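Would you mind keeping the following structure in view while I ask a few things?
Residue numbering begins at 1 within each chain, and the chains themselves are lettered A, B, C and D in the order written.
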Amino acid sequence: VEDGDKVTGESLDALLAELTRVNNSRERASLLFQWLIRPVPAKAFFSETWEKKPVFVPRKNPDYYKGLFSTAEFDRILREENVQYGVNLDITSYVNGKRETHNPPGRALPFTVWDFYESGCSVRLLNPQAFCSTVWNVLSILQEQFGSMAGANVYLTPPGTQGFAPHYDDIEAFVVQLEGKKHWRVYNPRSEEEVLPVLSSPNFDQAEIGKPILDVVLEAGDLLYFPRGFIHQGNCLPDAHSLHITISSYQKNSWGDLLQKVIPAALGVAMEEDVAFRRGLPLDYLTYMGVQNSDKEDPRRAKFLSRIESLMKKLPNYAPVDAAVDQKAKEVLHDCLPPVLTPNELATSVQGAATRWADGTVKDVGVLITTKTQIKIIRAMCARLCSDGDAVHICYTTDNSRVYHKEELQSFEIQTEHTDAVEFLIHSYPKFVTVESLPCDSVQDKIALAELLFEKGIIHTAEPLKSPPTVHSH
Amino acid sequence: VEDGDKVTGESLDALLAELTRVNNSRERASLLFQWLIRPVPAKAFFSETWEKKPVFVPRKNPDYYKGLFSTAEFDRILREENVQYGVNLDITSYVNGKRETHNPPGRALPFTVWDFYESGCSVRLLNPQAFCSTVWNVLSILQEQFGSMAGANVYLTPPGTQGFAPHYDDIEAFVVQLEGKKHWRVYNPRSEEEVLPVLSSPNFDQAEIGKPILDVVLEAGDLLYFPRGFIHQGNCLPDAHSLHITISSYQKNSWGDLLQKVIPAALGVAMEEDVAFRRGLPLDYLTYMGVQNSDKEDPRRAKFLSRIESLMKKLPNYAPVDAAVDQKAKEVLHDCLPPVLTPNELATSVQGAATRWADGTVKDVGVLITTKTQIKIIRAMCARLCSDGDAVHICYTTDNSRVYHKEELQSFEIQTEHTDAVEFLIHSYPKFVTVESLPCDSVQDKIALAELLFEKGIIHTAEPLKSPPTVHSH
Amino acid sequence: VEDGDKVTGESLDALLAELTRVNNSRERASLLFQWLIRPVPAKAFFSETWEKKPVFVPRKNPDYYKGLFSTAEFDRILREENVQYGVNLDITSYVNGKRETHNPPGRALPFTVWDFYESGCSVRLLNPQAFCSTVWNVLSILQEQFGSMAGANVYLTPPGTQGFAPHYDDIEAFVVQLEGKKHWRVYNPRSEEEVLPVLSSPNFDQAEIGKPILDVVLEAGDLLYFPRGFIHQGNCLPDAHSLHITISSYQKNSWGDLLQKVIPAALGVAMEEDVAFRRGLPLDYLTYMGVQNSDKEDPRRAKFLSRIESLMKKLPNYAPVDAAVDQKAKEVLHDCLPPVLTPNELATSVQGAATRWADGTVKDVGVLITTKTQIKIIRAMCARLCSDGDAVHICYTTDNSRVYHKEELQSFEIQTEHTDAVEFLIHSYPKFVTVESLPCDSVQDKIALAELLFEKGIIHTAEPLKSPPTVHSH
Amino acid sequence: VEDGDKVTGESLDALLAELTRVNNSRERASLLFQWLIRPVPAKAFFSETWEKKPVFVPRKNPDYYKGLFSTAEFDRILREENVQYGVNLDITSYVNGKRETHNPPGRALPFTVWDFYESGCSVRLLNPQAFCSTVWNVLSILQEQFGSMAGANVYLTPPGTQGFAPHYDDIEAFVVQLEGKKHWRVYNPRSEEEVLPVLSSPNFDQAEIGKPILDVVLEAGDLLYFPRGFIHQGNCLPDAHSLHITISSYQKNSWGDLLQKVIPAALGVAMEEDVAFRRGLPLDYLTYMGVQNSDKEDPRRAKFLSRIESLMKKLPNYAPVDAAVDQKAKEVLHDCLPPVLTPNELATSVQGAATRWADGTVKDVGVLITTKTQIKIIRAMCARLCSDGDAVHICYTTDNSRVYHKEELQSFEIQTEHTDAVEFLIHSYPKFVTVESLPCDSVQDKIALAELLFEKGIIHTAEPLKSPPTVHSH
């Protein structure tokens, strides 16, 4: 499946067009990711490079990423969209070791933004996916490769300047050079504690960061990847401006982040199920435990610590890992972009259904979902069954906003008798199944469930829905 | 100025095009309002009808309001915009005297909306100005006629149905019939207390409202106006659906609403300036005043009441009316729609300034505002000086959102030495004035103020700004 | 009634004992206040001095106020009560024109308080009524003289020091010298605006306050009164410490404070009843009103201002003065101290009812209130009927705390059929009336109401209640 | 130490007097606890009964607990203290299987409380330690036996009635019969999950609870103990009322409660120190983990679960147990009652220091703490060093309130150079040590620390402090 040869778009536009014919969103993601890092094979990348070390991919092909984003598109966005200083866009500079932000209040229009640029400031556009459909499309596809939100920022830097101080981030970064060129230096994490760090660093002085392990000039079409924790800085050479987009993922997506869900839940279960966790503490433990007693030689300390250890060691037995993964999954689904539908998906889903107003009346109302209708979920990752104790809910991304967390995660309760059918649907992906094949008790149930999922935009049909044979209702 | 003949657009589109050539936004407002109520003369309307009684304007011209809104536009909005049930759109019915709302959660797509419609429900689209540019344009012009926000809702009703129970509203209503026809009945306020009421009514039973004073059928191109407090109900005849837009204004815009700002401020000033307000109450007033003593015959009561009355009668002397009007004005400016710029306004304002990215670099940066540049505020009502004690601020509507109160009212402080110049600019409207003519202390001040107002979108120039003669900066 | 000769207590203790035999709490208040300012006649004081000018009452009788408070009592309080620095007590100094506060955190015990004192700091005990029963008793009596809360602070100053900078307060102040002596200087308000001011002043420099109009030395037994707004400062002479208590009243108790309740209510009524207040503002008022137009010569301004004035002049017609007084009264009742019951009041009220546990069982339970029982409210000001729209409530002070606002004001709803009876009871004060005489519909109602009021501590009976003739219940 | 013979008070009063001569508060606690459960030996009790099973201790000595509490004391409290229905006192009944609460609003005076009692209601007084000094003293001593807050409620029940439905509690309960007698039935936990439960149960029906394992009549002087989770109910026989006090402890004091502090802290440390916790989750884990995949046979599931388990098993290595115990200890100290000082403790601590006002001046100010002064902390459990990251604080109970959580836990920062000295002091308990012996850098430091701890009431001295030789300061 991960055969980069299958999809050989001469350009991003062509590639994205080809991808609309790939039925499995995970395969689409894999192909698009392969394009991003080509010629590095994805498999090798994930086993040898990802989370381990930086890699520089020069291409000598300035058009490789063409169509993804451009300064012309940037100018259009400033003109047509409500871009706010400090919210969507930052004006920055790094001169003589001093990093500054220059955002005025209010809307960022070309008149002022380009004036800042001309005076040597860098411009960072946050979350361009909210303004640019191609970036939205690319990121919404890639997030299924990562199983985690894919984000982006765009950086425009005038010739001969630098906009940011050296620092490291808390995300895996793919620096995609779009226009011009930029000189990049990448440095090793400074200590074991800063390998794959939980939080981004402050700005560093040049004296704090040692020598670069990578010192390259990216030109349009080139790629630079580095894991979180690797310090980096980029500056423009005197002869060219630079425009790049940084695609990022894996923020707060570590085993520890998952354990923050697993462990308190495990302790809750253990306290319910195992009386050893409910027994009282020793009457006198405060007299030999605690920081003020930590230097005491007291055999009770060892016994106490050993009891704590043995209880902690029992915890995995009570860990509700799947439920904790669902808690994490709900956060991931909330973070994710809504899918960009292909024309065919649009024609076969609620968003593009034929039902419409025309000639003074409504047309194609009451279209029929029948037992023969073939359905599938619209993306592998667009919906998920999540159980929180009693009720089972289906969470879904199709009503998410392009603006990060602008909407709450949408979900609705699934009746117990429908959970098997929803699970069947999700596991059948990417195959279409007939409504008839849903494991529900009755035909009415099957159709009701299919209609519900269709109306929420979670499923689409193999063929556009047809309206029933006309027997004039009015 | 209110000469309806000057502007005789064959259609709304033509009228709006002609209005772009009217330099004064108040005049534009007046002409557009005249078109709305034609052939009733505006002057007569405001002296005889406004806030007094309903009026029906039949036209026998189904295309009169063409272009303002249509069900086809409605269908487009549902398809392309994120319309949410319960937030932007309501599904309602009124059957056998029972009024119901049927909103499901989530996005309102044609697939479900038209299904509700087909089953006999009415559809109300709230604030169509957020989705439809023509409605936005019309309302943003009309608000300068009313000196108060102009709002709108759209109502689509299937043949043979009624969507709402009889009720009265708290706004002046212009019912503009766009498609089909609708049977309307209007009733007098039920009592003196319900004349020009402060709040809307609940739904009434048919038995509570008496006999209609107006019983008409609106056809496309007709208009019906009624003041707040007049009960009304509309239903579709069996043979036609109805689409109308209700344009509204004057919500909470009464003398009493202004007095709610004036009077507490007046008391504050009185307590500062007049010791009579600071003197202590009588030692024993609690023994003869209050509800439990209201039936007492005690000469001290009369004396106490007379003292209260005399203090209240002194209050007008301390009333800071202009400051209170400014408080009210700030609310009005916050309520208002941002202006829709004409092509010429766009070319001469910050929003459409020539500064841009082209051919790998920025163009027309640092355009010159000089002492000779001619400027004016972009709308009569787009900006206002407001003083709250020490500082003077300029409040402005150009950064408002099309979505009601989505943004805070924008404002910034004006240095004392610039207030005269801003006042001069505002009072010069609709005339252009040179930057030189601004009453500031220095040329630098004049240009700095003009640049600031230009960057905020408050002023535009008589001619598009030109970039300075090129002496390469980098 | 205000005959100081009737009550001639040789000491405060004797006076308070005599006052327990005065049946009317207002008369008690009047007699105690007369004692406070003797030999100035109260009537003359309130007509010539109160809120007008300071007065110094020297007495050459160091024991005149004996028993009210003492430093020995202060020492007891520090020892036995939980006095907290910064909450109940402040340590201050004023040296070389610099005013400082030296409160450490935590409880104020004699060990540290007297150390501060010995090093030259002044000590202020806030609200001594919470700790000292005599002060509580005196203030709870005096508040009925003022019809407003009476408060107090105690000040102890070491010889040769001053604890506070010159300033003025927002209350009428009675400085009662208890021990030692203190040099006081009082200055006129600095301007008309500072006569009877709404708020206390900041600390003044000596240069800001002019020359004193009163320069005296208070010795134990002397009194100094000055109205709010009169600047004052006191310092100890080298040869003696000073202890004084300042009794205060009339904070926020001016006509203006009452008008803050009256006027918004009046506008609310006017908007409901008078359509003139509901009519819309002129379409164009924003173009000629407001600060930016205040210099305009426009005949519409005069017309607008005249309309505002005429509406304001109508407001007194709609002013619900009694209801507003009740709003103010509720605040006063909430501020007030609960009454200190005399032994006789205790024996005849719920607080001291004979019902008790003795010898392994309850005694005197189910005591009888009959139609013949004679009742009266326990203080003139302890309860009040207040109406807020629909329901009528009785508010009462008997559950207030000695600590200011520690409890919410207590109240309960009075059924409509009982309001006349409560009003009758309140107006009958200080006479006892029989339960039979209450204007209720039935005997049951009369007794139920009397029982309710008795249980809340609002009324007491002429004789201690007797238990019913014993027919053993168990 | 746990020798009940050493202390053989004929009565509680005598015992408490004897305990004032025991220098170690832990020994006091042990002796008082032994008295509580005599003749059961404490050691045997804690090894065989505590948290395991109920025990009934009949004594045939109605005066055994005399002086602890009585209905006469109850009556006094109602009369003299502000006891509020619903806050401090509940009126309850259990008739025909129906449990009801009858609290009116407001203050609970004997007049109404005894009326409820006479009509067959039970009366529960919550936290009598806030009103009764003996209960406060007893509980404040016992809490050092439990290393956890000791609480209490008092229950008064009329003859022939029952006040509560069968239920179990979340605390270890010592039912101390004070007057009359009561019939008690105790039942086993209904299931393994209800053994030592985390939360109290709802009220049970008689049918839900099985057969009692204990069915006894407590008479005055008897004791009944049962662990949390044991269902119980008590009712009065027709011939006698009952008064008992339930002394409780060990609420939320289990190993699991401590682990709730340990485990999140351990995960935090692990994420900082061990990169294995910071590595990213597998790209595809959402496709095989989570409830919707829990039935999947996928080898990746086992691998994933095994990784979770191995990480969890590493957690004990990172568990900051002492710091977590300190977090728990801070809660315990906040829960605890302040100590009741003995006369000797009072005379040698800040609370009873000789510093005072007498004869018009302050006496014994500036008493000397010298290097020779002998000091000790006033209770074993009254203070504790707690470290939260950077700073070390001392937390202490001496400023706690008798009312549960009325005050925040008091604490102050200890300078690093003083922590050893504080630890030395705490560990020296119950021995006095000289100020000189404190391990501080300088004599000034030693004295400054001692003064600070003395002023906070944390330490007392072997002898009452003496004032310095008088050299008149003023």
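The rule is short, and it goes like this: a residue touches a chain if its C-beta (ideal position, glycine included) is under 8 Å from a C-beta of that chain, and two chains touch if they have at least 3 such contacts.
Please read these numbers as outputs of a predicted model, since none were measured by experiment.
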item	value
Identity of the chain that, by mean CA position, is farthest from chain C	A
Euclidean distance of C-alpha centroids - chain A vs chain B, Å	41
Between chain B and chain C, centroid-to-centroid distance (C-alpha), Å	50
Between chain D and chain B, distance of the C-alpha-averaged centres to the nearest whole Å	64
Chains touching one another, given as label pairs in label order	A-B, A-D, B-C, C-D
Interface residues, chain B side, partner chain C - complex	26, 46, 50-51, 145-148, 172, 192-193, 195-198, 250, 253-260, 262-264, 266-267, 270-273, 275-287, 289-294, 304-305, 307-309, 311-313, 315-316, 319, 321-323, 325-326, 329, 332, 380-381, 384-387, 392, 422-423, 426-427
Chain B-facing residues of chain A, complex	71-72, 74-75, 79, 82, 105-107, 109-112, 114-115, 117-118, 158-160, 179-180, 241, 350-353, 355-358, 360-362, 365-367, 399, 401, 410, 412, 455-457, 473-474
